[in-house]
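The data blocks that follow each hold one structure.
Two complexes are shown next, each including chain A; its partner changes from chain B in the first to chain C in the second.
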Partner chain A sequence: MRSGRRHLIIFLIGAILICSLSVILLVTNVIAAPIGRVSNSISPEHASLALTDTGPIVSNETCLGCHGQPGLTMTLQNGDILDLYVDPATYAASIHGHGGYACVQCHTNLGDYPHPAFTASNLRDVTLQLTSVCDRCHSGEYNLTMDSVHATAQAAGKREAAVCTDCHGSHNVQQLTDPVTHELLPEARLSIPATCAKCHNAIYEKYRTSVHGAALTEESNTNVPTCIDCHGVHNIGNPTTAAFRLKSPELCASCHTNPELMDKYGISTDVLNTYVADFHGTTVTLFEKQSPDAQTNKPGGYDCHGIHDISRVDDPKTGIDMQQNLLARCKVCHPDATSNFPNAWMSHYIPSPEHYSLVYYVNLFYKFFIPLVLGFMVALVGLDVGHSVYVKSRRGRHLPQPLPSEGQSHLESESPTQSQTEHNVELKTSPSETGEQDDPSENHSEEANHE
Partner chain B sequence: MNNTIMETPTKITHSDDKVTYTRFDISQRIEHIVFLLSFTILGFTGLIQKFSANQISDTFIFLLGGIERVRVIHHYSAIVMMIVSGYHVLVLGYKVFVLRLPWTMLPVIEDLQHLIQDILYFLGFRKHRGYYGRYNYAEKVEYLAVVWGTVIMGLTGFMMWNPLSTTQFLPGDVIPAAKAAHGAEAILAVLAIVVWHFYNVHIKHFNKSMFNGKLNRTEMKHEHPAELAKIEAGQEGKHLPLKVIRRRQQVFFPAALIFTVAFGFGIVKFANYEVTALTTVPQGETAQVYVPVTPTPRPSPTPPPTLEPGEEVGAMTWDGYFSGLFRNRCSTCHGVTKVSGLSLSTYQDALKGGDSGPAIVPGNPDNSVLIQKQSLGNHPGQLTIDELDQVIAWIMAGAPEK
Partner chain C sequence: MTSQQIPTRSSPNTPVKLVRTFPRFTVSQRWEHAILLLSIAILLLTGLPQKYNTSTWSQAIISTPERLYIIQQIHHITALLLTALVLYHLGKVIYQIARRKLPGDMLPTLQDVKDAWNMLLYLLFIKKQKPAFGKYNFEQKVTYWFLFFSIGIMIISGYVMWFPEAITRVLPGGVIPGAIMAHSTEAIATTIFIILWHFYHVHLERLNLSIFSGWLNEDDMHTYHSLEYNRLLAKSPPDQDPGEMKS
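Up next is the complex of A and B:
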């Protein structure tokens, strides 16, 4: 009886200990997971977390025993042939291969053999099913893509819309950013347009001929914008909205107002402020600030310069520095424009004696004319004010007390005590100054006559 | 305009404050108020456009309902101001050509003398101001500034309102020049009103004649002593013979009618001269968005072997059907990887079998390991019952290769 009770106590204590231990472990695991998710970086917890799902670690050698053999394929329900071969060298060269990650950390349900039944009915299904595993370690980026135009398209049933692996690849995922600075590596920059071209080839063909695209693809110039500089990376927005269009001048300006960058190519950095100062730019800027989702017919940066096919302004065929090319652009919105019309836009010049001299001289004229006229007015008003202050102070000293309606009553000749005030003096002496005028003092007698 | 402006005092008392003179009749006062309102609205809506980057302007533009609305208000006010100006020209014509009243607003040498006298007076070198007539130099400067300003603003405003038509006749840079002049002139006008008009008419002494039409005798003495003297000497307000006026009116009224019609037509034209721009939004990217590159970026796996020409598709032979079936269902394990030593890649491999014996024994399904394993129903890559029946039938038929 007694030993039975002791056993019960030991059992209870043990149970409590085990329970609390498992609770602590659970809590730390739960905490560890979100922290890892926020930081967007791969932490060892994730690796072990991934492993726990598949039970015992299955080495990559085990997987490659079968999947390292070229020609291993599987025909899916719709007849698509799924290549099950993984080139060990390709994987070893990938960022995950470098990191020593196991196959089963992504293919979490394939740790057992025979593998469970395959539910994907076609190749695209395979990709769409597998891409969700990226979320396990890269949840930050994954969540950003959920806000993207691609995710919206996926949700709308457009299965071809890009998911993680469409851009990053699967077994050949490459390092794209500098591990220390987290900045995009130059070689990664160079590869971006081709990546997007996998699905957006028509636009890529336009970009390739543009001033930016040609510099990137032909000269490997990494200063020029690639797709992501305008469209963003994971949370790529819809570029056909009013909001995107209204924001486009700022997008261009993010590079084109940077003197460090522009000086290399001798390009003006006044492009934004001259645009904003003009009718079109003023409108677009105000719309952007006040009603970012409203459309305006006033052009933003890309309406004049083109979108993906932006060319040098001095390109003889397409450059809008060429009058006839600019006129063609103007006519898109101003169909009745004639050959003089394009000059109504100052081509991003700040007026100077060389460029838009007429505007420069109009400004110069008013720069002197306004102060001159106003100076004259202010001077006269100042003199008048100064004089009345002076007179008042003098009157204050001379008069024992100010009269209630002095301004008017002292005019009357009936108030002889104020004969010194300026008004009386004025009226009394006026005739002598302007001989042909009537003597105001006579007005009084006239008034008396009327009475 | 009637000729009672400079009539003799309407009421006479012993106090100058009670004696009033009609300075502006009701039509002039209304004209002034309409002009004042349009000027104020134009100035306000114009300056917030000129300084739109300023936060205060931004707020006002927002409160007025956005930049497009502000432009519409500005345009309507401009039309009102043009109508008032046109009316003013008509009245001026009547006064000058029919009533033969003097051009009292034209500056004369005397105005310069008054200016010099005033400056000397302010500096203490003289005891009194200039001896002004009906309009002093300050009023003339302001009136002429309004005339000059209205003409400049009207012309430059027309150019900005109708840039396409303007550039048919004038070079393009006239448009930004017009904008520069319009903005600078606006600043000049507004500041002149604030400094000059407000001081002279409201601060120095609140002159209410523009609102109640009258100046009392004291005010007249201060501000227009020469005019007062003239009035009181009976030199003003001489009535012309009615006959003469009638004769002149007969010429003037048709001319005025023509002017009015032409002016009205001009204003309608001014506001609707051209459709400057399409109201539709310029088209964005015209290229098709989703154009995948061909061939598809995913490396294509080796295609299934094609059938020999002339061979019946789907014939119940190894080549015709079963090699494909096994490749689809079994080759994941029993292909190149030969799980349990079995490969079903070729007919010979199948006959040879794996660790458990020959997979296929022609004519003998029961001894074929493939049938034995599949019959259990739990093999990974399980064939369907129909498929299994086909395989059994094929083996019983001697498992023909071709």
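Up next is the complex of A and C:
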């Protein structure tokens, strides 16, 4: 009885402990989740309490009392002049302004006046210091950028490598994705190349003349790829690695095998499988799978079509549908190539009587030849096996104890009826070869009678 | 004809038996076959992983560019060996034709078609007698000529693939993918043929190692090549010189 009660008490205490622990964990999870992960769901009022370092929230009007005055500047240690003016209208039009976020939610240490001493030694330092504050709400994206080439360059001391505000802006940061679908807004797509061009202008100039870039910049066509469709967004990888090169055919294929997209422009969706089926693509695909970091001398999609300057294949100057343009590309790897050489590549055609008829007919020939040869061989060999098994079984029945010296080779040369009489002869005589030497001549004479 | 004394398996009263052997292949032909066997085996072993590059067993072999390079080098060197062998063989035949010494046993004749037909009838139990064959029966001739043409196709298409820049100086570019298609498909046809046809006739139907030893015993000779056997027996003294064509 006693021990039973004690067990009950221990059980109850344990249960209460586990319950309270799980409740605490649940509650803290609920509190932590909006701050850490779901960046859009932070309400300004709620977040403000958690995010400001210095006591009660300071209203934006207070800040703009000074910083809304044009001409407010500050000279940094190296002589750079930092503009401290914030246009109230610009901020109000930004996504943070729309959401009613307070200045001090980003500028967390400036709630007090006089402000604490500013330690940035130059303008770039200011950006680099302030951009780390994005992590507080947008840690998902912020962590992705840590894996990017830009972060690698920063870590290597290249201070001009892009950080959040270089692409998104600061006080004018805009909504780029649809709040419901989280897909990129069309106008955001249009602005992407210009954003990248702030640093990568030479590449932008190439892109602008390409078939994709021209459609985007001149026709505002948002079906075409912008920078981020190939390079990624926040975790932009190094595009000069072997792995990126081996993966590039799939990159192109992500749009070019999509019939919904390609049918609008009458472009074939067979480009990937015809590439993979041909010699270059076979090798690239193999290494992409087996050793993604391998250097290969085989061309991927962009070695022939270009990278940022991809043009229409029927462009007279650069299109590789034109033999002389394609030959120039071939010669990069095959310096001895002559005018017939580009045709060795099947140009993404599936062999047919019209295109690459030789390949088509060779394939057709073997489609009949192999089954035919195979069929004849199987038939003859099968008949042969069947015949000798039959003869052997017949012989076994008529002669329960076959002579030991009787070789297998004799079996096939004799018909079942003949074998019986022959064995009677053999049983009487010794198992020598003399009795059988007449056989071939007999066979032959019988053969001759048939002819 | 030579005589050899070999012990028989089970004849207690006659411990040794006299077996006559007939020379069938020259030393040159035996070496040719050995080199052919070796080079085709290496070419298939290094070629098939390249053809079936999407399968897992192949990708385990050619997992890196370095390995693929080595395999291709082996394939190319063996191809040169096979080419040398074919040139030697053709050279020998041309020499024999020029000296009017070509035995001609291997040349296909109308009799082979008749033999094949009679063999079929025999296997279908319509005829009771197997056709009698000469030095090479129609099955052996089919083996020789099938491999003759398939090696021809393999060598020509192989060199077209190997030197596309040089080939397209004289031929249209389309021959390159055509050669690739022919090379890889013909290889399959040849493999199937060797395994199904050749291996069956020399290993399963009966173990025939005469291409390695050079001789055939009397038993096999009169069972499988009775016409040749009779021809040799009719000659006295028996002809020591075997034919020069290879099987």
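Heads up, the rule we're going with is that the second predicted complex is superposed on the first by the 334 of 451 C-alpha atoms of A that agree within 3 Å, B and C clash if a C-alpha of one lies under 4 Å from a C-alpha of the other, contacts with A are read in each partner's own complex, and residues count from 1 in each chain.
Following the convention adopted for this analysis, a contact is a pair of C-beta atoms (placed from the backbone, for glycine too) under 8 Å apart; a residue touches a chain by one contact, two chains touch by 3 or more.
These numbers come from a predicted model, not from an experiment.
Once the two complexes are overlaid on the shared chain, A:308 sits against chain B while remaining clear of chain C.
By the document's definition of touching, neither partner reaches A:263: not chain B, not chain C.
With both structures placed on the common chain, the touch criterion links A:178 to neither chain B nor chain C. When the two complexes are overlaid on their common chain A, residue A:61 makes contact with neither chain B nor chain C.
Contacts of A:115 after superposition on the shared chain: chain B is touched, whereas chain C is not.
Taking chain A as the reference chain, the count of touched residues is higher for B when chain B and chain C are set side by side.
Judged by the touch definition given at the top, the superposed model places A:219 against neither chain B nor chain C.
Using the contact criterion defined above for the overlaid structures, shared-chain residue A:342 touches chain B and also reaches chain C. By the touch criterion defined above, A:73 reaches chain B but does not reach chain C. With both structures placed on the common chain, the touch criterion links A:187 to neither chain B nor chain C.
Across the two superposed structures, the residue set of chain A contacted by chain B and also by chain C is 278-279, 282-283, 286-287, 289-291, 294-296, 334, 336-338, 340-346, 351, 356, 358-359, 362-363, 366, 369-370, 373-374, 377-378, 380-381, 383-384, 386-387, 407-408, 412, 433, 437, 439-440, 443, 446-447, 450-451. Those residues of chain C that touch chain A in the shared complex are 8-11, 53-54, 59, 62-65, 68, 114, 118-120, 122-125, 127-132, 146, 164-166, 168-169, 171-178, 180-182, 185-186, 188-189, 192-193, 196-197, 200, 204-206, 218-220, 222-224, 226-227, 229-230. Residues 65-66, 69-75, 81-85, 114-115, 123, 160, 197-203, 205-206, 239-240, 245, 276, 278-279, 282-283, 285-287, 289-291, 294-297, 299, 302-303, 307-308, 332-338, 340-346, 351, 356, 358-359, 362-363, 366, 369-370, 373-374, 377-378, 380-381, 383-384, 386-387, 390, 407-408, 411-412, 422-423, 425-427, 429-430, 433-434, 437-440, 442-443, 446-447, 450-451 of chain A are the ones touching chain B in the complex. Considering their complex, residues 9, 12-14, 16-17, 19, 49, 52-53, 58, 61-62, 66-68, 117-119, 121-124, 127-129, 131, 138, 145, 163-164, 167-168, 170-177, 179-181, 184-185, 187-188, 191-192, 195-196, 199-200, 204-205, 217-218, 221-222, 225-226, 228-230, 232-233, 274-282, 284-285, 287-293, 297-304, 327-328, 331-333, 335-337, 339, 380-381 of chain B touch chain A. The residues of chain A lying in touch with chain C in their complex are 278-279, 282-283, 286-287, 289-291, 294-296, 334, 336-338, 340-346, 351, 356-359, 362-363, 366, 369-370, 373-374, 377-378, 380-381, 383-388, 404-405, 407-410, 412-413, 415, 417-418, 431, 433, 436-437, 439-441, 443-444, 446-447, 450-451.
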